[in-house]
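Labels for the chains are A, B, C and D, by order of writing; each one numbers its residues from 1.
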Amino acid sequence: MLTAVLEQTLNGLMAGSIYVLVALGMVLIYGVMHVLNFAHGVLLMVGAYLCHFFFTRLTGSYLAALLLSIAALALIGIALERAVFRPLQGNLRSQVIASLGLILAIEHLVIALWGPNALQMRVPATEALVPIGALRFPLQHVLIIGVTLAIIAGLFAFLKYTKLGTAIRATSEDRQAAMVVGIPVERVDWMTFGLGTALAALGGALIGPLFLVFPQMGDAPMVKGLAGILLGGMGSVPGAVVGGFIIGITEALSTLVLPTDYRDSVAFAVMVLILLAWPRGLFGVRVRGED
Amino acid sequence: MSLLAVEGLAKRYGGVAALAGCHLAFERPGVYGLIGPNGAGKTTLFDVVTGIVEPDAGRVRIDGRDVTGWPAYRLAAAGVARSFQECRVFPEFTCLENLLFRARAPESEARRLLRLVNLEKYAGEPAASLSFGERRLLEIVGTFMARPRILLLDEPAAGVNPALFEVLQRFIRTMYDERPLLFLIVEHNMEFIMALASEIVVMHQGAVLERGAPHAVQASPRVLEAYLG
Amino acid sequence: MPSKLLAAAALALSAAFAWAQDRVAVGIVTSLSGPMAAPGKFQMNGFRLAEEEINAAGGFSVGGRKYLVELKAYDTRANPAEGASAMQRLATVDKVPVVLGELHSGVAAAEAAVAQDYQLPLILTIPTGPNLTEQGNRFLFRVNANNDQLTRALAEFIARQGWTPLAFIAWNNDAGRGGVNGMRKLLGEGKIGYVGYFNVGEVDFSAHVSNIRAGDARAVMLLMDEEPGSLAIKQVRDAGLKTQLVGTLAMGSDRFLKRLDAARLEGMVQYNAFPPNADVGSIRTFSERYRKKYGEEAHGFAAQSYDGLKLAVAAMQKAGKLEGRAIREALAGLQYDGVIGRIKFDAKGQAHPPVYVTQWCADGKRRILYPENLKADCGAG
Amino acid sequence: MAGRIAAAALAALLLAVPALAAQQPYVLHVLILTCLYAIPAVGLNLMLGYTGLVSLGHMAFAGVGAYTAAVLMVDAGWSFWLALAAGVLGSAAAGAAIGAVCLRFRTHFFMIVTLAFGLMLYSVMNNWDDVTRGAAGFPGIPRPAPIGEWSFGPLSHFYYLALGGALAAFAAQWLAVRSSFGRVLVALRQDERLAQAKGVNGMLYKSAVFALGSALAGLGGVLHVSFLRVAAPASFTLAESINAVLIVIVGGAGTLAGPALGALVFVGLPEYLRIAAEWRLVLFGVALVLITLFAPQGLAGLLARAWRAVRA
């Protein structure tokens, strides 16, 4: 039983890594702009498609394709911030509804362009197997957990030690005060948006080779990522990390004792129960715009 | 029996004590000014008294009745009305609709009150079309429509230009003369509050520091120290 | 050279001639978008190939008149309301004499009700929900084997091999749940091991793989389509799990092999409505034509749909008129030898095509294990 | 006055449709579906449009009503009308109970918690094979039994049932909105804290509108599965809930006619255009974004503006 629990925890970490990758981008944007972009999942999917495109059509190098898709998604993110989210600043309902519109438009645009079938992205370099104890894991699995942990560490360092990072933190904490001390909050806005969508692209590019590239690939990570940031406390970066991992691990562990067709429900029920106990999430920060 | 009394109120936000053993009682109607430096706990006191925030400790009584922890709507029904520091009106409702929403007073009263503050010409306009100062007037006028017994105004003069300033002062005085009730007014503008209030309460670090007639409070060295310190 | 030119001219001529011919619009309901779009593509491939062949052969005659067939396809997006609308439109606007297709059982049920309203035969080629043909709807026919039929063949085979307890990784949709429930009914609760459901769109099966490894299952059945199937097998094998694998008809093809490799597939068995490489004349010609047109190995869904359209045309010919009730009667009495085998509808409108069990060999080919009379070695399946 | 004449003309037209479209059953079919999509949208409009509660699980409550009625009709042999009432009550009860949890949260928390409950309810419909018949759907849902000679088999007859349901929903909306109840809802959307300070028990009103909205969703759900004669989880997915939001927003959130216009555009237009499915949803997605940016009152707002321009 103990090994089973350990193994499932590891599986949960893996699934949770993907949720965290999605959640981090969303939570950064939420913190700074108070925008919850439901289209973050489809942007992850677009990142994977672009990575696939660059990898198979443009360059044979996975790394180059990954970097290109990150750059492309950052630009897309900045464009969306300008065109959609900035004009709707301060209007929670409209932002969410606009992002639902983006989901429909982007997802079906991808289907129209690439077709509904899944694409395979085989990256030979990442197809090796890594033994961990008696178990074996694909390198890409380990890579995803590793990269996610590296990104988390990097993001924390970035927020703490760089000028932009400090500006992002300041703007998240108190936009008015940030403006008063001369932080160009509008620039912080679009830069954060680009950074967030770039993170989504990274997530898509990372899970593409392990799984497949298909139009709905971002849906489940987005919903679970949302649950994760809610659980962790909206706007809290450490909260998003912890929340995403909790959802992933809960799901994996639940398969040991509960019927698996209710796996999603278990994850959501845990989210609702935790929220009922800690209405602002585990790392609850003050919720702005509450009324 | 006090009209309104708070006993030993305490409320912490994270590490900060917004209220720390605040005692205050008002025996009879009057215009009371509530002043104090930023962070003294004035708005938190309002929030506790109007049921927006639950205190960590202490009691709130109205006419001797313990109303601690009552939700805002119940306190409103018990005769407590308030205005907000950030000025709240229903932007899509017209001025008249704003006044009539949940009002105890009839429409004729609403129109009379609008006239008193020179807003009658906007009666049919949505509140969003008013200037900030006008919206502030509308908000304060609206609080009277509930025929409250206790009225808490949170920085009524903030952001109001001098012309409206006087209208506001006159309006409050008129209303008090018509029907004396308990006015508790948080205000940073000393000129405004000193002219209006019969008694001033000074708060500092979540508790009452001084209480007395305006001139006496102004002369108090402790108050001076609190403001400067 | 001249002969080629001549052939081209003849083709052009025949095309021009064909254009002048009357056309019969046949209704198609399928998923061009939505969660079932990927298998929907195979369905359309089958219909298109049949359409092309019928028309290239000069069409078919009904009541002494020659017709070409024309497909009128509507997207039902795995949504019952869209299915009912499409059916209504086909019945009353396009006034087609017969409708084929659909992938989703719930949508098919909505379409079947409309078909009955207008006495318009509806021929299903993919949905497997057994209760569809239990509603007493005389205008509903199903070419493909339903879940009970598929699992009956497989359950018999699995029981004989002693591959129980049987664990599952299954789509949490009508196909996956239907398969698990069917097996549970046939094998008995005690023979069922771990059941891991996942939602359409989920791709990480590691939690299920771990649980199967920890359990005592002798075999794992993968109830899903090609795309998740390839991922599941990869994840099972990469985790070092050597358990016997049992797949669905989506997993016994060369295309599937391309997604994986022979080493990971070796030994896996799957049921199949249609073994593309079987040494049967009709299968061979179909598979060749399919490969020529679409550049890949034929898919079972395509074969079922291909047969469906051919069958519908045969029924129209037999009925002698383009009228729903007459076509229904013709369908009910028809016996048709198609790519997937002999199709003959029972009183409920359900056909009983053979169900095959094939197994992957070490060299990436398949052998046929079941039914006994068609048993054949590597390269046949 | 002009408005009343227009409304009367519209009502007459709606009633006369079966006679006008006798030779075009497909038109009737599309109009019926429009009604069936408009009914839950009315419920969501009360929640989202008037009260500002963005529920992302609305159609799951339609599913609760639909499956309640389906089980009662097929397994317990109840008549359609009794089952309809039970379905509506079931949805309302589910709305009240789940709403009580969801409404403890605000803004984004509320949206995501409703989304979570929508997915949980969907799981139950999909997984509870013994009762809901699971993912393959629940076929054989009956149409209402004939009333005397009047059977609900023919489309033109069912049309009146769907229209009746829609009119009932719009009437409920109209009564709610023009009452003091409706004033409170609109006040809550604009500024909940202010409304509370004016003596409004926000939780009570929001729970009430959540239950009412869910009841209307249930009404739509029961009629929907009776019309299609099958209940399937596919009709009550997250995507369908998002479509309901789309209908409300495109039609005009917080307007009386919004849900009707939205449903007409969402159901009717694509049936006639029948352009490739992907592009149609791309267009709807873009339209949704543009409407939130430039026409927050949706089509109803645009039409009202046009009407004023014509009259001026």
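To be clear about the criterion, a residue touches a chain if its C-beta (ideal position, glycine included) is under 8 Å from a C-beta of that chain, and two chains touch if they have at least 3 such contacts.
Predicted, not measured: the structure shown is a model, and the values here were computed from it.
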Chain pair showing more contacts of the two, A-C and A-D: A-D
Centroid comparison with subunit C (C-alpha atoms), farthest chain: B
Between subunit A and subunit C, centroid-to-centroid distance (C-alpha), Å: 37
Chain centre separation in whole Å, for subunit D relative to subunit A (CA means): 32
Whole-Å gap between the CA centroids of subunit B and subunit D: 43
Inter-centroid spacing, subunit C versus subunit B (mean Cα positions, whole Å): 74
Numbers and ranges of subunit B residues touching at least 2 other chains: none
Contacts with two or more other chains, residues of subunit D listed in rising order: 126-127, 191, 193, 276-278, 281
Residue numbers of subunit A (touch at least two other chains): 108, 111, 259, 261, 264
Category of the chain touch graph - line, ring, star, complete, other: other
Pairwise chain contacts, counting only pairs that touch as defined: A-C, A-D, B-D, C-D
Interface residues, subunit C side, partner subunit D - complex: 32-34, 74-75, 77-81, 84-85, 88-89, 91-93, 104-107, 109-110, 112-113, 117, 129, 131-132, 135, 172-174, 176-178, 181, 197
Of all residues in subunit D, those that touch subunit C in their complex: 24-26, 29-30, 33, 36, 126-127, 129, 133-137, 139-140, 153, 224, 227-230, 232-235, 271, 274, 276-278, 281
Residues of subunit A defined as touching subunit D within the complex: 30, 36, 84, 87-88, 92-98, 100-109, 111-112, 223, 226-227, 230, 234, 259, 261-262, 264-265, 268-269, 271-272, 275-276, 279, 287, 289-291
Subunit B - residues contacting subunit D, complex: 50-52, 71-74, 76-77, 81-82, 84, 88-93, 97, 101-102, 142, 146
Subunit C-touching residues of subunit A, taken from the complex the two chains share: 3-4, 7-8, 11-12, 14-15, 18, 108, 111, 115-118, 120, 129, 135-138, 141, 207, 211-212, 214, 216-217, 219-220, 251-252, 255-256, 259-261, 263-264
